[in-house]
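Below are two complexes that have subunit A in common, paired first with subunit B and then with subunit C.
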Partner chain A sequence: MLQAVLAVPRAALSFPRNGVEKAAIVIAILIVLLAVLGVWLAPFDPLKINFRGKLEPPSFTHLLGTDGSGRDVLSRLLYGAQLTLASTFLVLAVIVAVGCAIGIFSAFIGGVVDNLLMRLADIWLGFPPLILAFGFAAALGASLQAAIWALFFSWWPTYARLTRMVTVDILSQKFMASADALGVPVHRKILNYVIPNAFDVLIVQATLDVSAVMLAISGLSFIGVGAQIPTPEWGAMIADGRSYVANGWWIVLAPGLAIFLTALAFNVIGDMLRRELDPTSSRRQ
Partner chain B sequence: MNYVAQRMAFSILSLLVLLFITFMLSHVMAGDPAAVAAGPSAGMAKIELLRREMGLDKPVLIQFAIYCGHVLSGDFGMSWFTRQPIAEDLMRELPPSLELVFVAMLINLAISMPLGLLTARYAGSRFDDIVRLLVIAGAGLPVFWIAILLQQIVAGDWHLLPMTGRLSFANRDYAGSTGFYLFDSLASGNFAVFGDALAHLVLPAFSLSLLFTAVGVRITRTAMIGEFRKDYVVLARAKGASEGRIMLRHVFSNGATPALTVFGMQFGWMLGTTVLVEEIFGRPGVGRYAVKAVSQSDIHAVVAVVFVVGLVFLLANLVVDLLLYLINPRRRTGN
Partner chain C sequence: MDEPLLKVENVAISLRHDGRSMVAGVSFAVNEREVFGIVGESGSGKTLLTRTLFGLHDDAFLSRGSVTFAGETVPLSGYAAAMRKRLGHAIGFVLQDPFSSLNPTMRVGKQITEAIYLAKGWPMGAERTKEAAMALMSEVGIPEPKLAFDQFPDQFSGGMRQRIVFAIALSQEPKLLVADEPTTALDAITQRRVIDLILDRSRRHKLAVILISHNLELLRQSVDRIAVLYGGQLLNIVTAGEIGTRTIHPYAEALFACIPARDKRLADVRAIPGEPVAAGAARIGCAFASRCSFAEAVCREAPLPVNPGAAATFSACLLGRGVH
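Up next, the complex of A and B:
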């Protein structure tokens, strides 16, 4: 486990092959820092309405201008970073944990249960993900919490399938037969063999999913089943700024660029991790 | 026949899972289904009456069976915000959405297939690197954001394309027989309406296709890259076949199958993603209908859209898989 944890900073130093990948790592670190510190850095109250100062273009007082109700866009963006990223990482942490548990359980138990669970995962995984999450969020009552729950429900099969695949692979190895003969208990098999071996595959998939989960959360908020206006979630900010786009382009541009930059940075890092960690990757020389 | 039977069984199983999901959504998660169906302003007496009518005093399994019976016979109940049967609403909203998805899919295929093939051929080159970066960037674009920006810049500022709707004001009385305006106007030789409908489709279809194109290029590249290393390509080169012929006649026709399966799945995913696009461009369709239904808290209408999108997804996959099976030449040789 310790090795796996140490692998992350080591990777940050030795994996990048070009400027784009280095830039992506720097941007990702900056964005996470802003999400953590943004609440203190924000110059204004993100919810403070000021109708006299509405739709002000970017200036030195309001670096990213003000929105249709006179709220400071930069402050909203910084608060939104925390909200959007915290929701994204919460969703990822839960679906990885739950997916892993189901996958490992399925692989260890085998037989009919394994077969049924994996068929269910296959079918579930196929259904259009956005509309499925949309249905769950709408049924749960349209809020950021509902959107987060909706993503738990619609995303677990990816990780269940992945972990099950890795676990079955490990269980068929010879060293597991000797572990059996020695009478190693199941929980130690999982902690000492399965999880360390599944770590690389999971970290690659989770990094690539950061952008997908974030796009889903902001998309759900945009269509009204996630965070509600005036919550400074990035997708809800775009929905709020939509009606002002003709005379206040900055209101829509800023949160969209924030989503795009974050997604891009994590996608580049995920792509790099796949190249470096996935032994079947064709581009690893 | 064995494959066909297996494939059908999988589709039926998938349909059951879909029914189970939509049942959970409308009967378990949304709170008391009778209260939900009665609407926000209904009294206790009406709710009690509905509870009995809907069979909600019966065990859950029986309820599920009743629910399946209703849905499979096309009965989704009434929508209280349009005050019409939901099934009728959907029949009206589905053609414009399918039309949008068809055009978006054409754009997707027209970009993904050639780019995927070329990046596989020139894998590792500078061209491959640039396309890879574009693909990664495309996968991070919020669909709704790019739709708003394109609408504002191309339609609003440059006046190159219409901002909203399916047809211009001049054609407001046009009514096709099938609801697919592109098809209707072409079949009746009405090219003015055809051009108008197409102009209204360009921006929504392009915004919708971007995310899927990003995945499509990657899938096609992966499917093709292995083919270029196979012996028959070496043989084709040795006998002096042109590079273009090798790419199109040999590699493409062999490598296309797995890619086409994914494009079949994308069809249903695209239909689900119309919720992000149609509202922005003021186009009628199931996506906009679902978004409106949410704002009116008409959960049954929302769940009906989830079911129909899931059903289209299953059917599209089934059709693509069976077609690929039918045209597969290996099937003719016995095994």
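Up next, the complex of A and C:
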């Protein structure tokens, strides 16, 4: 397990094939760093309203200008990086953990329970996340939390099914029969055999899903079901700046570019990982 | 005589999904330190027999007979689970194909220490266990065990991987090692080396070995006794010395006549006429009757004798050939 985890930074150094992939890795690391340190780097309070200084174009005081209520866009962007990425990784961590647990359990137990769980996953997959998000917004009130819940409920089946499929494949391998012959108990099979061998597939899917989840959170916030204005969430910032596009283009441009760059970077990394790790990928070599 | 380590009496094996009997009337005993061979053509039921016997077959079960291991009779109900409890310490099982029987994501050293841990826990501490694992690696002939310890299986050749597989099995210090076609995927020289390794270990550590193979010559040179399976029936148990020197079961006779040798021309290697029958077809009489040059009416009608009391040598020939 540890080896598999340690393989990631090592791989990150040897995988990139071209400048785009190198740039994507640099951008992703920068964005994560900014998200972690953003709270201390932000020059202003992201929520401080200043009507006298509203809609100021980018200047040396306000590097990215101010929004319709005079809030500093750069500060909001940095706070937003933390909020957006934190909720993205939270959602992702929970769906990966829950999905993997259900998938591995399902594959190990087999039979009727396996079938029931997977049909349940199919049914959940049938719900469009958007509809689910509206449902949660109606029940919990429109908030970032509602969006997170909605994404969790609509996304775990993807991982449950993927993990189950990979685990069933691993369980049919010869080395699992050898593990039986060595008397390996179930918990050690999961820890030492299933998880390390499923790691490649899961890390690729999870990396590709970073951008998907982030776009979903921002998207839900943009249409008003997720984070609410004036919360400095990137989607909500675009929603807020929408009405000022004509005389304050920088308000939507900054969070828009941030979403675009982050999604692009993680997608490129995900594709790169798939090329390098997935043996069925035809683009290898 | 001492009680044998493993005694299998009149065992029948059936498929789980339709209850069809695939192997019937098998009796044999394996003594401590003995190297016991099981030979048979593809489809004769040797893998099915051994896998089911040691609880590793999910689709078949022991439907009849009794199995005694180290003085304890294993009950037929819950047989596979009871036998699996003995795997990993009392019994070691090495599967066919070294290329896929190692966990590709675990360093080989860790796979050995893990096996030791599963068999015994950490009575000597992690550091000493690591040393024991490296000592074992050099014993099975892996050069530079210190370096090899931290490598992954795909960094080794097939022969080296098979050695690692054996190091893993031997690290648990079983009383009985079952090796199912351990050498099929290897070249002739590596085959010989791997077999010698097992024999050497058997001699020095009181290890009983069951060697399953269709490599007749290799088996004849390596084992003490050979059981011959055909069409799901146990036709013959002979000592290796009897082969070619005295009358044995007609099928075994024909089978060992197929071994090519330096002083034989290809024309002298006699193939057995006809097609081998698969295990499992419900049958009365001798499975080999359809191809046997001695066959008489009785061979197709009489029930096949079962090795009484799992005797050391046995011939199931209804005409009494090879019985002594």
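One rule holds in what follows: the second predicted complex is superposed on the first by the 275 of 285 C-alpha atoms of A that agree within 3 Å, B and C clash if a C-alpha of one lies under 4 Å from a C-alpha of the other, contacts with A are read in each partner's own complex, and residues count from 1 in each chain.
The definition used in the following text is that a residue touches a chain if its C-beta (ideal position, glycine included) is under 8 Å from a C-beta of that chain, and two chains touch if they have at least 3 such contacts.
The model shown is predicted, which means the values in this text are computed figures rather than measured ones.
Chemist: Putting subunit B and subunit C on the same copy of subunit A, do they fit or clash?
Modeler: They fit: once the shared chain is superposed, the two partners occupy separate space.
Chemist: Looking at the overlay, what does A:P196 touch: subunit B (first), subunit C (second), both, or neither?
Modeler: second
Chemist: Quick check for you: in the superposed arrangement, does A:Q228 touch first (subunit B), second (subunit C), both or neither?
Modeler: Neither partner.
Chemist: Kindly classify A:S69 by the partners it touches after superposition: subunit B alone (first), subunit C alone (second), both, or neither?
Modeler: A:S69 contacts neither subunit B nor subunit C.
Chemist: Per the contact definition in the header, classify A:Q145: touching subunit B only (first), subunit C only (second), both, or neither.
Modeler: In the superposed model, A:Q145 contacts neither subunit B nor subunit C.
Chemist: Does the superposition put A:N50 against subunit B (first), subunit C (second), both, or neither?
Modeler: Touch status of A:N50: no partner.
Chemist: Count the residues of subunit A touched by subunit B and by subunit C, then name the partner with the higher count.
Modeler: So, of the two partners, B touches more residues of subunit A.
Chemist: With the two complexes overlaid on chain A, check the angle at subunit A between subunit B and subunit C, Cα centres, nearest 10°.
Modeler: Result: 100 degrees at the vertex subunit A.
Chemist: Enter the shortest inter-chain Cα distance between subunit B and subunit C once the structures share a common frame, rounded to whole Å.
Modeler: Minimum over all C-alpha pairs of subunit B and subunit C: 25 Å.
Chemist: Counting contacts the way the document defines them, which residues of subunit A are shared by the two interfaces, the one with subunit B and the one with subunit C?
Modeler: none
Chemist: Where on subunit C does subunit A make contact in their complex?
Modeler: 54, 56, 84-85, 87-89, 92-95, 97, 100-107, 114-115, 118-119, 165, 168-169, 172
Chemist: Within their complex, state which residues of subunit A touch subunit C.
Modeler: Per the touch definition, subunit A meets subunit C at residues 3-4, 173-175, 177-185, 188, 192-193, 196-197, 199.
Chemist: List the residues on subunit A that touch subunit B in their complex, please.
Modeler: My answer: residues 20, 119-120, 123-124, 126-132, 134-136, 138-140, 142, 211, 215, 218-219, 222-225, 235, 238, 242, 245-246, 249, 252-253, 255-256, 259-260, 262-264, 266-268, 271, 282-283.
Chemist: Can you tell me which positions in subunit B touch subunit A when the two form their complex?
Modeler: Residues 13-14, 17-18, 21-22, 25-26, 29-30, 123-124, 132-133, 136-137, 139-146, 148-149, 152, 156, 225, 265, 268-269, 271-273, 275-276, 279-280, 290-291, 293-295, 297, 299, 302-303, 305-306, 309-310, 313, 317.
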